[in-house]
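Two complexes come next, and they have one chain in common, chain A, joined by chain B in the first and chain C in the second.
Presenting the complex of A and B:
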């Protein structure tokens, strides 16, 4: 019995809310032997994080383990007092959280924070503490450890902060490490470095690892076993090859199908039933289309720092261009400048042959090209006014940009847009917080196409969405473009998504263009070293199951 | 409509204190509106032969040094005190929110100038400033309102500035730009409605302070003048009789002040919950 590092038996976790009790975890069981790695995958709301918090007994006050038990080497954690549990946390079970910067104390230097963790579980002299801390920093592959010891979190990059978090988590040599979306906010190249480090540390020290993630590729690359969670239950569990190679459960198949890979097409992502609803129109012919947007030698400085320098590209009507790069590459800045929400420092932007770069962003709201260039924002929740109903959000650009639209006409246009993006008309009276992530994403897109623009700037429109929702949104966007002759400027860090949706790509690094060309060429035969590194860092997910999925995805 | 009612009921049930405060406010409003019909005696009629009588079944709160019924005067004062507080707070709320949210949205030099002016204003002892304003402008109700509004202005500017500043970088503000809204329209039609729930607490607390402020000015002889019924003056006049054991002259107007201020303070949190659409599900 005690050879299991951790064993969870029939765990139920409930939350008491205004609407009564909500069952977040409903009877899950799994066990982990020392040295094993378990990937818990699932979409938002599947209860995977709640499970982690329940294991460490860190649930907030509204949450409660209603039944079942968690044992650590045969010891029932539920029977321990809070003080005993505190001793166990860190020394036996550690957690790494999603946002490393938020998890570190901003006003204490990082070395001192690691020393604090050491101190909490054992008496060491000051010199010993320091020595151990420096060793830990070396263990997480940081160089110049003396300087990093004295640094504050804001002085370090996101990847370095996450390595500090790992050092903190392994400081007291725990037997079990729980990583809750530990690399979600990081760039792909940083993610690879952090995950490689984490898995080698776990292997070296014989720790158990529970990796909680929504990214199937990541779980496939780093885990031995996979548990797929949905609505608080484990729907399928087994060795990684079995789960991804021969999934048995409907939901697993659907998740696998929805995850973009290096060779999937947009049609692959959406299951059959759903595909009928989006009957694919014939692809538009792009060659010979008139030039829509031309950006020449665009530069942008933020108080001396060059965010974008000397970037040029063109976009034809109905074409789709991808801007790819990691954080700090200037891709979002470019999208804001093209949408005329931000002023450039130098360069020219011409739209339909007219120079719009000279119109200050403050005045562009009344420019006649305003309705012709629209944008879909990254976070669908954050980009909707919390006091606007879905109807108001979609009607917003129509009310301001097409004044004197009669009431019936406005109603008709809003309903038409909602219909085009597949947003149910009966939900139009709801507020954003009453809608799901996918529904909010649809409103964001409906709002952007309401004025019938000819250029749609998409700023990571699916980055905040679950894969199954992302698949449907990508399909929707692709169809909108093919039907309506919209041109896309698609900004993303997700290379697989860009490859599927874009005709051409521009790869950016630190504000400069490193590579540009046809999407297929850039991804198959990258010429620059940077593009190659980017491509290699994407977690590969090669267990593509071509299983037929019968029921349509609900979002 | 019924959803709104349900929501209000839920908010009050989750936090019964809000219900108590709302009931208190309702009583105050009834007294303010229907006061003249509810007073058992004429609040201004003096009758020296009945002076300084302790509370009895005829004079529920006793009589003052001129034989006026204190209970009737308490009721008569409700309207005046609430009116002063409400108009002063509305003035500072409107002006302060406007200035503060524009400064918070625009940032840059305007924001720095507004911020510095507010800091300087807040460095003054505010009550002394109100006294000075009333002394210069004259002992009139309008001037008490103006002075009270003025000394509360910095709080509204600061608060709305911070709230707007925290939201100006959010996606939906950018989205409103892309929808063709001008900066002014974004501030007034998108940002201000969104900070209202948070401002509700400030407004509610402020109503209490404004009443105390008006009463304080009157107490010092700088506001409403006798023989008008006003809680501050009643406390001031009654203070002379405490030593002779006539406690009811001070205790009842003091209690009225305290309960009113308490009621507004308790109402704040509930008001925020009621105004925020995100609290509804």
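Presenting the complex of A and C:
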């Protein structure tokens, strides 16, 4: 019997695809002693999830462990039959997944799903199963467990679903828990609650934890050891303080630099070499600029539910305003109303002194202000028409909004936009699936600035991007604003990003303004309890912030 | 109690909402029958040499001398009072004819549907478990054959093999064996009626009469059912919750049937409803080949002889069955997926 809970030796995983074999994991090794916590960080495509699936042998049909060994307490998992492996899953090694609502069976009540897991690894009577399930629900800090037992996933919030997922994973008392981006997509405050719960459960039960995440701050806060992965290999591994305090590998340094922290600036995020491509223009003088957008007492009801109530703010030309808040705070609703994609219930919106709130959203397309207000959507992958080339995507607003544009002029304008966002002209004939995430994000921005708007609404434009790409996109946006005199309405849940990019912020909670003011003031000296909670929940690896959370986890 | 009230009010609401469609079907069929060439009066005159006076007389007795709007109003009034008219060829009221023949079609269709589902779902699941494997290709081949071969060809081949060559099937003539007495008319479904009176010898013979036409019909609808099962199973098996179920070590059967198939049911239920309605009305050929006394062959005979009333009655019946089937399907959705009732 080995003292290692899990040990991975020279693991290689390959996928057979239509374009031939792809090596997703190329010779990684690590071990974990019982009770240890390992953070595996890296950007998308680095092979961190594949590693987790290889450990539990849950790879897709196309994936295969080509060489190397995974041992659980010295027992080679590769030599087990599928039935033996099945008995280990759940009772020895469990996983927690991203997107908890989809990870639960939508048509089976959640209590029953936990009971199923208990049933798979032991013989319990119905009453015992039920009692044990209710206890597990209590263990993950849920109240009203009887009602939750009978609930379906769609009746519960994302945070609750993730707690149920945790209950499901620890139901049969495994020794190793693998959390694969377990809190990605949850609000920062929910993320904190779920992660605190997870780490206290792991500590209580002496389980080992492998935390797979792209969020360096999260890994730093909750893990003892960090492994940085890139292109299927571990480039650096060590104690958390060493990795963040004295990173040795070039890639680790880049990742750390690109991650927004409580005191970074946009210039910090992008490495020197790439920064030169954007010669920093002189910052625009904002004070005294004319008022561009004024929103007064805006309200929006969805069949009786008040999503936005009595929100007012102003935006000057060339200014950048951040709307922050958790999901359900109404920030996206406001952005859609301002972009006139959605009709308001009450209130006034005036743009350049003209009231646009009265124009119905369905007619706004023919309004002349349509050109002036453009939006960049959240997911660059989903918001591009897959049948349009990059050129068509950028040209689309020009074709529909400036109809009589001659062909050469159209070509020139599209190329100019592509150039401004740093999108290579030779890639303009490509389709979205032939482009990277960062390139797609650039197209989304180029499309939005094609009609030369004066207000750009950015709805979480970097939420779906890797940190290094996010850094470049943020830098690009900042430059666009400074050279073009664009005003930004920036919607985000990432407080660090908002702080860097925005002059002023409005903090929203449940459709109401909680706090508003200059970004620096709000973030340094928050006046409301809610803003403080939000700020504290942001995981960070800067060591001042870390010192504060070293205290025992309280929930 | 409140749940029952809510469900029944929803059903009542749906039935009311389908009324305009039914009226539309009535008017449309009525007009269609008038537009089609052929004069029923000529057809039903006593002899080919009947004079114009006689034909005119028949026309008056059938109400054909009035204007078309007038005929339509009279017809709608009759339908409202439950009078579907009288068939010229059988001499009986259409409602009686349909009531006699519908159980035969229903029995055949239900048997075929159960048979088809019993084969299609396991085949679809097996194909989805190993896409691209020999099993998958085998299922695809079987489905292609079922769709390509016209039903009457399938039926004739089955008769040839099992009746003519092997001699194990009974005469392909109708529902009741040659030496059996018809059961008392309780439900009209032979298998049910024989079972109710305890006549199991006749029950067996009725089953043997039913098997060949049911298999013929089932072969035809195997393809849509199996393909839909395969497709929705593939989606279900690829979803995150299946990965979760495997990651906590649930046994394979539970993962595939309890989690996968249960989630894949919705599209299968939809296609089953469509298939059922189609089989009931449109598989005239099977009824013809096996001399099955169903509503399909009845309507076809009436259509050929320009006998208006039975055709109109048949279309109305089919429309009503469609409404009921759709309602049943929607109710089944509610059982298959707890999220549906919210919408």
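In this section, the second predicted complex is superposed on the first by the 541 of 555 C-alpha atoms of A that agree within 3 Å, B and C clash if a C-alpha of one lies under 4 Å from a C-alpha of the other, contacts with A are read in each partner's own complex, and residues count from 1 in each chain.
Everything below uses one rule, namely that a residue touches a chain if its C-beta (ideal position, glycine included) is under 8 Å from a C-beta of that chain, and two chains touch if they have at least 3 such contacts.
What you are looking at is a predicted structure, and each value in this text was computed from that prediction instead of being measured.
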{"item": "Which superposed partner A:505 touches (first chain B, second chain C, both, neither)", "value": "neither"}
{"item": "Which of chain B and chain C A:168 touches, first, second, both or neither", "value": "second"}
{"item": "Touched partner set for A:400, first chain B, second chain C, both or neither", "value": "first"}
{"item": "Which superposed partner A:341 touches (first chain B, second chain C, both, neither)", "value": "first"}
{"item": "First (chain B), second (chain C), both or neither touched by A:88", "value": "second"}
{"item": "Partner chain(s) touched by A:447 [first = chain B, second = chain C, both, neither]", "value": "first"}
{"item": "Touching partner for A:209 - first (chain B), second (chain C), both, neither", "value": "neither"}
{"item": "Partner chain in contact with A:195 - chain B first, chain C second, else both or neither", "value": "neither"}
{"item": "Chain B - residues contacting chain A, complex", "value": "10, 14, 170-172, 174-183, 185, 190, 193-194, 277-278, 280-281"}
{"item": "Residues of chain A defined as touching chain C within the complex", "value": "56, 58, 86-91, 94-95, 97, 99, 102-108, 116-117, 120-121, 152, 154, 165, 168-169, 171-172"}
{"item": "Touch list for chain C against partner chain A, complex", "value": "239-241, 243-252, 254, 258-259, 262-263, 336-339, 342"}
{"item": "Chain B-facing residues of chain A, complex", "value": "18-19, 336, 339, 341, 361-362, 365-366, 370-371, 374-375, 377-379, 382-387, 396-397, 400-401, 431, 433-434, 444, 447-448"}
